[in-house]
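Paired with subunit B in one complex and with subunit C in the other, subunit A is shared by the two complexes that follow.
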Partner chain A sequence: MNSSHTITHRQLFFIITQSQIGVGVLSLPYTLFVKAKTDGWISLLLAGLFIQFSILAIWKLCEMYPKQTIFDFMPKIVGTKLGAVLNFLFVAHLFSVCVVLLILYNSVVSKWIFYQTPRLVVISMLALTCVYCITCTAREIARFLMLVSPLLLVMFIFVGYAYTDVHLLYAFPVGASGIKTILSGSTDALISLLGFDTALVFLAYTQGRSNSKLKAISYASLCVTLFYCFVTFTTYIFFNPVEIVIVPEPVLYMLKAFSFKILERTDLIFLSIWIVFVTTSLISYLFFTAKGVQSIFKLKHHKSAAPYVGIICALIASIPASKLDVQLWSKLIGMSALCCSGIFPIFLLLIAVIRKRKGKGKGAVST
Partner chain B sequence: MRSVRLISLFSSLLLLTGCWDQAQLNETKLIRAAGFDYLKNGKIRNTASIPQYLNTESGAGPVNNQVFHAIGNTARQSRIKLDRKVSEQVEASKNLIVVLGEDAAKKDIYHILDVFYRDPKSALNARIAVAKGKASDVISAKFKETETTMGIGQYLNESVRSAEKSSIVPSENIQTICPVMFDPGQDFALPYLVPEKNDVSVKGVAVFHGYKMVGTIFGAQGVMFTLLTGKERHLSMSLTKKITNKHKDRIMNFVSIKVKQNKRTFKVDVTPDERISAHIKLDMKVVITEYPRDNLTTQKKIHSIEQALSKTLTKDANAILKELQDMNSDAFGVGRKLIAFHNPTWKKLDWNKEYPNINYTASVNVKVIGHGIIE
Partner chain C sequence: MTFFKKPKKLLEQKKTANEAENQGSSPSSQSNLETSSYSEQAAKVNQNQSIDVLLKDIEKSFSSSEDLMTHWVEMPADKSKVALIFLDSIIDKQKLQDLILNPLFELDKDIDLHTFETVINIDFKKQSDFAKIQELLLQSYTLIFTKDTTCYFSVFTPVKTERDIKEPDNEAVIRGSHEGFIESMSTNIALIRKRLKSPKLVVKYLQVGKETHTNVAMLYMSDIANPDVLHEIERRINSIEADSVMTPGNIEESIEDKTFSLFPQTLSTERPDRVAANLMEGRVALLYDSSPTVNLAPVNFFVFYQTPDDYNKRWMLGSFYRLIRLLSFYIAIGLPAFYIAIVSFHFEVIPSALILLMKSSLENIPYPPLFEALVMELTIELIREAAIRLPTRIGSTIAIVGGLVIGDAVVKAGLISNLMIIVVATTAIAAYTVPSNEMSLAVRLLRFPFMVAAATFGFLGIVFGLILMFFHLCRLYSFGTPYLAPLAPFKIGDLKDTIIRLPFLKMNSRPSDIKPIKKDEDNHTRKWEKS
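Coming up: the complex of A and B.
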């Protein structure tokens, strides 16, 4: 592999953070509340714990097959034919994730700012920008994602401003909804935390010790979980439990009420920063997808796949029209994404470990 | 080839502005104050003030305060009808204050406010107030200030703001009342406007229960009300209280104070046999701003003033709590405390019936920390 393509483990940290923080942050408090009531933030912490298992699996897989992406080592683990099929399915899953990112982005933007702009225009603006970004190397992508990371602080401050008008008592009594509902809420939380799976391709480019790589991913996921938890908890003590069920984007709604001397409508400023985070998530997923397409069609460079991937995603994403369609799509794709990104790596690792053991056993017999 | 690429790149810049979603200021008229009343047949009358700034050579000139009325079945419909009466597109995104007529406030106010919460463009940070009588009387009040210098929206906004600063009314806007309005365990209060001949004055607070207005608290009691909500301090939280009857000069019996610090301890207890009691304790640090008898030299003297003030203020506070219980408005959130810390008890009881009967008391403890530049 060309040396200018590699990234450091610090850059990996930013890639994972930026891929994880995405569309979810606006509506997460709402979706969690619907399931787990005011204990939604506990579900989120639990979800953060669960994904650590997937992260460990992904890291172990990439350690066993260094400098290879998932599309390279999948055939080695399950055999060439099944590997090709699974690769194809995985790329289809990645496509659907990109599509759902675009759909949710469009539904928020068209609801809050661009009421009249056609869907296709809003969507293709984002998709084409991302296509341009992924035509470069992994290192350049990592640099861009690092560059926009300070915006996270701005988001943090905006949300923190809500503490000027919160009702801490709304969070009590803690744990009233029971362990079962808290656990069922954590599946929804898991979906919003997805993005760590991009490590399956970015780990192949990462240099450095294997331990520091694991640390980078784990810290990234920890940071994102804590940030989401902060946002969720803030909205829970800002809105009344009865009110939050009618506010699907609580974070924006909360900011809409604040105005400063020189800034009015802080929600619009927050929204523009949020779009950057959607862009970064989409960049890493599109890069992932393009890499997959490259390996399926045995292309020389993923660059040539990028425009097709982007355009196809944009076209599919502009199909669903009504709010209910959007909900259905995001729910279905969310569940499939959970299986493919969260659980699948663990299975893959199990197969890989068992095969290796068998291989070793055979080797021992033959000598 | 290169120049073709460059030219096409730069010309694509022209597309960046987009063609949809424009809202041009010269094609819109901005509502600065909106009023809502219920008519006898149940329809809603929307009154809107749209000031037009007349340009003069020296820049911003006098204001031409235009007031429009429209009647519809819902708040939104009346707005749409209003739009037809006004030459350009009406926009409420810069609204400063919403005024509800007393009759409208006594019905469910959420029915009217829904349109504000739903529209992404609406100004959620607009203030909200209740008018004595009709909101349309307040919005179309005509006197020098509203007609020429600032327009009614700005006028009302400023006068409510100054009332907030002196703590006569709690500071609320459309969004801040929303969580409390939905809360089964807490209620809120809004400024109460009274239209008079030459002005509109903020006379006190309109107290709510759930979505409906249930009563009013007037004048100086409003300051006590705000103190009881636990607000820490404000620019000029002032009170004038009678502390003795001894002097024959009326003015000599009074003392004026300014609250520098206000600390609230709010306790809600449930006894084993499920009797609920609530107690609010205020610890105030005050500065004496007026005391014509002077000679605040000895510790004893100051102490006696402290005690007299504590006594009268405790009486005031308890009177307010009694009034609130009679109106069945849980403005300080006893119910919220029960939900949070005594959840099993809360689930069993009917708060609307229970609240007027709980043992609800207050005590005020005043400490003088200053007396201006003379003693």
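Coming up: the complex of A and C.
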């Protein structure tokens, strides 16, 4: 691997953070509330705990096969033929994640900014921007993601402004909805925390000690979980529990209420910043996808795959027309993404470990 | 004392017997010795011929250009004839007299051909490479041929066509040196050497252009500049293969990393103090023949926003004005776009107190905001372009007519809203605060795509425009060093002289993006405090 393509573990931290924070942040409090009522933020913390297992699995896999992406080591774990099939399926899953990102982005933008603009225009604007962004090395992507990270602070301050008008009592009683509902809420929370799986490709480029790599991913996921938790909790104590049910994007509604002497409608500014985070998530997923396509078609460079990946995603994403379609798509793809990104690495690791043991056993017999 | 004669008159008696044999043997002897671009034509000028054949050859190789002059001089000692040959248009006759003829005839009667060198001056050199004849003549040398045809002598007699050292108009400072570069490379190097009296300052001469033979001098500090960067710059300059390399812009464009980028990848300046300071940071300076512009490479984005003035102010003021300049970057590219986005898409963002004001100003304008903005921005560019080409006195008239009269009339006529005039004027001022002309031009052009994006997609368009621009900056390199350093990649230590300027006592390491080999800057300006 070319030495000019490598990234540091600090850059890895920002890549994972930026991939995880994405479309979900606007509607997460609502989706969690529907399931777990005001205890949604506990489900989120639990989800954060669960993904730590996936992170460990991903890290271990990349440790066993250093400097290789998942597409390189998949055939080595499960055999060439099955590996090719699984690679293909995994790329399909990545495609679907990109598509769902674009769909959700479009649904928010068409609801809040452009009511009349055709879907394809709004979607392809984002997709084409990202195509330009992924036609370079992982290092340059990492630099950009790190550059825009201070915007996270701006978001934090925007949301934090809500504390001028909160009622802590809304959040009580804690744990009233019961462990079962809280747990069932955490599956929804998991979907919005997806993004850590991009480590499967970016870890291959990361230099440094393996411990610091694990730390980088874990801290990134911790930060994102806490940030989401902060946002969710803030909306829960800002809105009355009866209100939240009628506002599907609580964060935006909350910001809409604030107005300053020099700025009315803070939500529009917030949305503009939010778009940067959607872009960064899509950049890392599209890069992941393009790398997959590169390995399937044995291309020289993922650059040549990038435009096709972007255009196909944009075309598919502009299919669902009605709100119900969008809900159905995002639910289905969300579940499949959960399996592929969250559970699949753990299985892969198990197979890899068993195979290695067997290999060692055989080796011992033969000698 | 001197006598000028047409060479042809003397030719007859000078015809030597060995001419025939020389002509047979010579072409192979030297034509492939010299690989310079001259050698092709110079092959005709052969060694070991009789002096007049030689002169004829030279004349032929210059296509009998009439400013090529030959003067015959008779040596006082042995009465042998000597030929002086030079390009009349680029040599100084007074120097010719002072440096060659006077010493020859005044100093000593005993001088003969072999003691030539000892008499005349320091620029006097004995040459034996006959392939270099043309090159020397073109570089304002006077050549002296004697009957000894194995060698010749060269004297540097350039005509002085320099102007005085003045402060560059486009890079003026309030405090600090008011010297600027001029069109002479040696003077420019002298101006830099005057500031860096160090044996580690290295000058390296390169030549580009097959016909123009433009000289390029590469200056760097041997113990600071990174050798990889040096190699890369040298390799790129040497690989230029073109007939004419006229302007620094030609070279700049041939060696920069990305041609299809709006952003300048080398810093051009006319200030010796700026060059000296950058050399000390490990950058490389490129000086050109007859050009007051010096290019510095590798650079990053923030170098374009530094000026020598920052270092002559108190550090907090320096930092403040640098922040203002960086803010002006955003204003220059974003303000018209932001305004267009607000009035055509996001009226809700305007606070209620302002809404009536804006509405009343916009109500009767017949055109969409984008059209308004484009017309006014283009008018400003027109005024600028016209003012540059005119002498200063008329230039200010144009500015008044263009700025005040058009601006006032256009509002009164109800074509453009007065808010738009405020926005456009602020933008224009912001674009001119950039200390570097190239960056200012880049910024001015950048705002047009942003305006179109804002008129099409509102805030969304601006955000995507900014994402694309910053990503472009992230993947831009200047001679292999990242352009947006120290922001991307982020180096907190290097921020001290980019976005702000910390006091000098904090500046004890060089910026790391250009990878200097000596990172520590020996800088202990306040040692007295400790005792």
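By our rule, the second predicted complex is superposed on the first by the 367 of 367 C-alpha atoms of A that agree within 3 Å, B and C clash if a C-alpha of one lies under 4 Å from a C-alpha of the other, contacts with A are read in each partner's own complex, and residues count from 1 in each chain.
The rule we apply is simple: contacts are C-beta pairs under 8 Å (C-beta built on N, C-alpha and C of every residue); 3 or more make two chains touch, one makes a residue touch a chain.
None of these values were measured; they are calculated from a predicted model.
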| item | value |
| --- | --- |
| First (subunit B), second (subunit C), both or neither touched by A:Ser259 | both |
| Which of subunit B and subunit C A:Lys76 touches, first, second, both or neither | neither |
| Contacts of A:Ile113 with subunit B and subunit C, given as first, second, both or neither | both |
| Which of subunit B and subunit C A:Leu169 touches, first, second, both or neither | first |
| Touched partner set for A:Arg355, first subunit B, second subunit C, both or neither | neither |
| Contacts of A:Lys215 with subunit B and subunit C, given as first, second, both or neither | neither |
| Shared subunit A contacts, counted only where both subunit B and subunit C touch the same residue | 113-114, 259, 264 |
| Subunit A to subunit B touching residues, read off their complex | 111-118, 121, 165, 167, 169-170, 172-173, 176, 238-240, 242-243, 256-259, 264 |
| Residues of subunit B that touch subunit A when the two form their complex | 18, 20-21, 120, 124-125, 173-176, 178-180, 182-184, 333, 336-337, 339-341, 343 |
| Contact set on subunit C toward subunit A in their complex | 345-346, 348-353, 457-460, 462-464, 467-468, 470-471, 474-475, 482, 484, 487-490 |
| Subunit C partner contacts - residues on subunit A that touch it in the complex | 11, 109, 113-114, 122, 125-126, 129, 132-133, 136, 140, 143-144, 146-148, 259-265, 268-269, 271-272, 275-276, 279 |
